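In structure tokens below, several structures.
You will see subunit A twice below: alongside subunit B first, and alongside subunit C after that.
Up next, the complex of A and B:
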């Protein structure tokens, strides 16, 4: 279980994370909804060890991660833009985490080929990232992150730059693989629909503070999340386009 | 047609310089109003290639200094430039890097000469190497600023969270990405050292005789044949650079 307690971080006396606490059981996805500048990225980067908090603690299975460097945390941060290594092929990008861990070549081949099939990228294995579409690049980034089964995936609006159709495909793919590989993930998004689709648990973040909901219903009912407003909007559109009898 | 003429003029301008200095380097006894030297001899070339001449030592010294300055400034510039790109007061550090270029090399030499005198490095090769680094190192720092973009720093972070130690990230991500820039910087800093005169003369006290120093010496002695040979040798590295990049240079004409 990932446990974050009273995390605090300020830039120039402005609180970016304000006493953030959460618990995330293994194999679950916590969808964190929040607008731009609410502190979501800082939360994920702090969890990954890329930023040092001013106060608070991060634990995995009861073990403190505070002094563990990013490379040993096994918590992969996925950037909003799919940051692939431009000089490596799709195959080598996905194999990166295995090569770092000095996994035997035969096992690397077998695991990468299997994942390429899962991601429907077999025919692109030898291509360079610049030859791929945005959705394909994001799939490679996702595959590279999960191939060595990290403790936690930290997803920072990973599908925000994709078009609506590709985004929907990626959300389904994420859900399928998250279930299959029992992935524990903090999924940050500003999209209400995406949060509802991907999360097992729900949280809302604003001005550095986080609110954890006990259920999906509680998340939907809270006016702060804007879920009800969004639903009302789509209902009104639906009524407008429904032909009168 | 116009492109062809321009290319021919540019290529001729480069080749004629080599031909002229090549002719002078094998000449002997050239007196007014003769169009060409009265005699031709390979003596200067033989001295350079076979015997232990001043020019041969100058060539070797220039090569050693050039390669040394290029390696040290490229590697240290790569590392320090990264630290500056992540520093809180990035612009202040960069301003410091521009400082040697605001002053002329000779003025800079006067400013730092006391340090070299006190440390006993005046007139020594090590002193000249350090002196040339005063110019080449900041150049490398400024040069690599364009490499350490937000994206490259994020790629480094990505590699870390995927479990890679710093050395692995350097070897497998940063160096392959920076390879073209590292090569350009190496060559540029080599040329800075290769052509450097002011600092070398001032710190070297005339005892460290690089090719550039020798060209000026021969010109002052009115020894045009040795000056031509030394000039020819000085022009070789940039000519090599032109040759390697010919498709990029001539494509834009």
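Up next, the complex of A and C:
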């Protein structure tokens, strides 16, 4: 279980994370909804060890991660941009996490080929990132992040730059692989639909504070999340285009 | 704008493009091609003050004496050593001293040599490294050598230490600026975060991501700088060895000798060197395109 307790971070006396606490059981996805600048990215980067918190603690299975350096923390932060290594092929990009762990070559080949199939990227294995579409690049980045089965996956609006159709495909792919590999993930998004689709648990973040909901219904019912407004909007559209009897 | 006006405008633009290309050919390509043809004609005895009519004699003399091949081999040795050393130094500066280079006083010291012409750099290295130079006097003052003459020959030496040092001093600032720009452009700072997050150490990132990315992106520029050193003249003339000459020095010596009959050989050397460089460039760029 991932446990974050009273995490606090401020930039120039402005609170970006304000006493953030959460618990996330293994194999579950916590969808964190929030607008730009609410502190979502800081929360994820702090959990990954890429930023140092001013106060608070991060634990995995009861073990403190506070002094564990980011490269040993195994909490992988997936950036908004795919950020693939430009001179490496798709295969080598995905294999990176295994190579740094000095995994045997035969195992690397087997694991990467299997994941390439899962990601439907077999025919692109030897291509360079510059030869791929935006969706394909994001799939490679996703594969690179999960190949060594990290403790926690920290997704920072990973599909925000994709078109609607590719985004929907990626959301389905994420859900399928998250279930298959029992991935524990913090999925940050500003898209209500994406949050409802990807999360097992739900949270809303605003001005550095996080609110955890006990159920999907509680998340939907809270006016702050904007889910009801969104549903009302789509209902009104539906009524306009449905011809009256 | 109507369709016919649009077409007319497109045609005018296309016409301007043709004229611009013609001007470029006239100013850039024609003088070089003309010079090369003139040199070729001179080397075959077709033109020049002592032209005897078409002959292969000058080419045979140049090739049979071995001077050209020796000069070419020496030039390659100097250029490869200098560009490798400068690239290594620039990589170290880019990867380990970025912050100081961006804002600190180190940047002034590093970029200062960019303002120094090759001739002046040659003189500076000479003043530093000759047996009666600054370094020699300091070493003598420290009592490490009993006479100034005991100081090792670092200029006019057969290993070309002085030439290599002068070129390295000139190349390091240029290459460091280039590598820093590539570092930013290729997002290497963020890629290092990605690498760390995936479990890679800093040295793993440097060996497997940063150095290959920088070298691959900088390859065309490194090749052009290598060719610049290969054909350099002032520095080897000032501080080069008497026994081993670089190609440009050899060619100019042939041009400036009292014996006018040596001039066609100077042209033969120049033409042969130009063809060698063109061949090197075409092979290298094809390879770079294939791996690009």
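Couple of notes before you dig in:
One rule holds for everything that comes next: the second predicted complex is superposed on the first by the 245 of 245 C-alpha atoms of A that agree within 3 Å, B and C clash if a C-alpha of one lies under 4 Å from a C-alpha of the other, contacts with A are read in each partner's own complex, and residues count from 1 in each chain.
Throughout what follows, contacts are C-beta pairs under 8 Å (C-beta built on N, C-alpha and C of every residue); 3 or more make two chains touch, one makes a residue touch a chain.
As the structure is a computational prediction, the values presented were derived from the model and not from experiment.
The superposition on subunit A brings subunit B into a clash with subunit C. In the superposition on chain A, A:71 makes contact with both subunit B and subunit C. Touch criterion met: A:85 reaches subunit B and subunit C at once.
By the document's definition of touching, both partners, subunit B and subunit C, reach A:97. Contacts of A:27 after superposition on the shared chain: neither subunit B nor subunit C is touched.
In the superposition on chain A, the residues of subunit A contacting both subunit B and subunit C are 48-50, 70-72, 74, 76-77, 79, 83, 85-87, 96-97, 99-101, 144-145, 148. Subunit C contributes residues 186-187, 190-191, 193-201, 204, 208-209, 212-213, 216 to its touches with subunit A in the complex.
By the touch criterion stated above, subunit B contacts subunit A in their complex at residues 151, 154-155, 157-165, 168, 172-173, 176-177. Here subunit A touches subunit C in the complex through residues 48-50, 70-72, 74, 76-77, 79, 83, 85-88, 96-97, 99-101, 144-145, 148, going by the rule given at the top. Residue ranges of subunit A in contact with subunit B, taken from their complex: 48-50, 69-77, 79, 83, 85-87, 96-97, 99-101, 144-145, 148, 154.
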